[in-house]
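In the part that follows, the structures are each spelled out as structure tokens.
Look for chain A in each of the two complexes below; its partner is chain B in the first and chain C in the second.
Right after this comes the complex of A and B.
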């Protein structure tokens, strides 16, 4: 049981590591679209897959999933509401309205930028090696629990907003239970 | 004589990282602040000739601290150390009178070089 428990000190450290990762991801996007991205404080909590899957079922959003394995394993879910497409597409020089395949392409591109930078920030600061798979799109209408590779995970939620264009994206990093111990060990090294 | 400096950051890890990155030959007495209000109190109590300032903090954030210092304590040397590294954040910090903007994760060599450039070392 104790290996599932993150101490306050470890949580503070993880929070700071996530802040920095989020900052790097936001900077990558901000430079691309030449618009400031609003940052909020990342949240860290335990989650079960049956609870988690419910929030992915909202039909008005786009989802992408990207798994990683190695010294840490789990998956990232990128979540973007459908209505926000046009604003960000315009900033990324797409012609709007977007046709379906452009919507998908945009979603994958944003996933690569935001989720990629978040995870890279996390593993490089904590000195882990992982392999990251390419992102795949998920259909919120047909998503089922079998598509998640875990029952219990440490869930890290990072939110990006562009206030003037109502853009809102969330990156959810789900870390499998067996990665908690190495995570805690590496956080302790950082704290020493 | 040791120079009074203050490290203002809500994260314990981040304060520790900055402490560790300070050049060992730099004679300082270190005060720590966990939010913007404490940072200002430290400046007003003469504990922060040099202030290392985070931007995202509870109570009062780094931008508010810079705004206040610009009006009341222009002499305080403020070095912002921030996780938000977007061009707009850097521009705003410069406009508010910060001496330097350093990115997190902090590179100790860059901090040493910055202190030299500012004539503090």
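Right after this comes the complex of A and C.
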């Protein structure tokens, strides 16, 4: 990873912050849906725009997007397996079977909860004030590389699994290159 | 700085629904937006349990509120998935057709200094305009999609019509050519045939005369004469000649017979001749056809029939239509390599009578499928078929403003479908017929 992006030191600090956040998130999720949630260790990557788009174009997944704005701004993208969601719906206290708009609602709700849980620890530890925008469904076909105004971005990836169901999801926290500065500043503050 | 009173007034007058609840869902704040649109004054709401006040949405609201409590993150609801959380009257009572307001909702955690959630703030935003705009757009899109589909269908129909036209044109030109050829051949083959028949009689007499002469010579007891006659016979190969001559003539007559039948087919093909138009029962037609070709069918296929009850009469040239049935049935029987089945279905379909004849024969090869209605196309051995049967059938069905089509898969048999209009225009047909009649 180039020093232009984030330094190794900063990366280590960010990894540490994320690990703690995930612990908190797993705990909160377990309390919310009364079941065990497995989270992967977050990975921090630098991604080019075409690699990023490739990630989104897997046909077997549903996408949703949620923006956060404020002292740190970026987007979170949830990628969920396009499979049987009855088990997770039941855990989430939905009446099954779900009709189409309820499926969408579940998808958005899960995005909000998972992405929110991931982000919450990060911003509270690094002392950011942000606002969350409403999550929206994302159609991968509507994204093309020509639309993107950036070449490189920082991606934080977290995988979720609920062992009791076939549910699994990935959350990407995406920061564009020019939104990295506040992150680096706050990490440096933490390091001192 | 603003004082508390002003702040409260500000909250009351906010153009969004603002409601504050405690962590046990007790309503602590209820602004004008809520009270006016729900006709529920603050006194009726404050201090009440939100979930008990709105039992229909309690499950949903509890889920949302709890997730905010636990995760300390804002939660959202969007009009597209859940349009009417609260029964707010539509914000467009005059110009809109919606009865209820479309709403977006956000639930925000209000945390105390220790970082724990002490209150939950529910904000309701009116999304009616966006929703109706978006819904109208969606409707327009689906309408557009439908029109696009209809257009594609139209293009397909046009293509089909174009192909049919091409086929018809091909038929017409072949028809004229055939008419000309048939006319030219008909006369010479006529006198050749009758001459051959005469020749056959002459030949018989001649053979009798020679035989008679031979027997007279042998009775005359003249050894010299007998020997001369025998030598002459041997020299000229008379015995073989006498034996071969009738065969040659018979074969020639068979040949002319075949030419005449081809010419006859050509005539029928080029002008579906004067067969009478009348109201016809197609079931009777197919039954009589089956009787005629019973001998050809009985060792080849078992026929299963499925006729619609009260089948309406069809105005058509019954003899010609029977010819079509016969062509298809004979082809089916001839194609059958071993004992198989033929299924005949007669029923109405829309404005058409539909006759479908399906066999369990070997099927038609893909590359032949679009050629089988072409004149002179045959897969039978040379001399066994004229290649006119199906093209004749095609032109007959065309003449009836009907459709004939075939579906087949190799090894699965073939199915011919004939559609004849139930309501023919009675007047036009005979005229069209007589004009073709003049060609020959």
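By our rule, the second predicted complex is superposed on the first by the 175 of 192 C-alpha atoms of A that agree within 3 Å, B and C clash if a C-alpha of one lies under 4 Å from a C-alpha of the other, contacts with A are read in each partner's own complex, and residues count from 1 in each chain.
The rule is short, and it goes like this: a residue touches a chain if its C-beta (ideal position, glycine included) is under 8 Å from a C-beta of that chain, and two chains touch if they have at least 3 such contacts.
Fair warning: this is a prediction, and the values are worked out from it, not measured in the lab.
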{"item": "Touching partner for A:41 - first (chain B), second (chain C), both, neither", "value": "first"}
{"item": "Touching partner for A:125 - first (chain B), second (chain C), both, neither", "value": "first"}
{"item": "First (chain B), second (chain C), both or neither touched by A:159", "value": "neither"}
{"item": "Which superposed partner A:31 touches (first chain B, second chain C, both, neither)", "value": "both"}
{"item": "Partner chain in contact with A:91 - chain B first, chain C second, else both or neither", "value": "neither"}
{"item": "Contacts of A:113 with chain B and chain C, given as first, second, both or neither", "value": "second"}
{"item": "First, second, both or neither for A:16, with chain B first and chain C second", "value": "first"}
{"item": "Touched partner set for A:101, first chain B, second chain C, both or neither", "value": "second"}
{"item": "Chain B versus chain C as contact partner of A:138, first or second or both or neither", "value": "neither"}
{"item": "Overlapping contact positions on chain A, where the chain C interface meets the chain B interface", "value": "31"}
{"item": "Residue ranges of chain A touching chain C (in the complex, touch as defined)", "value": "28-29, 31-32, 92-93, 101-102, 104-105, 108-109, 112-113, 116-117, 119-120, 124, 131-132, 134-136"}
{"item": "Chain B - residues contacting chain A, complex", "value": "11-14, 16, 56, 82-89, 104-105"}
{"item": "Chain B-facing residues of chain A, complex", "value": "9, 12-13, 15-17, 19-20, 22-24, 26-27, 30-31, 36-37, 39, 41, 125, 190-191"}
{"item": "Complex interface listing, chain C residues touching chain A", "value": "59, 63, 66-67, 70-78, 80-82, 104, 106, 115"}
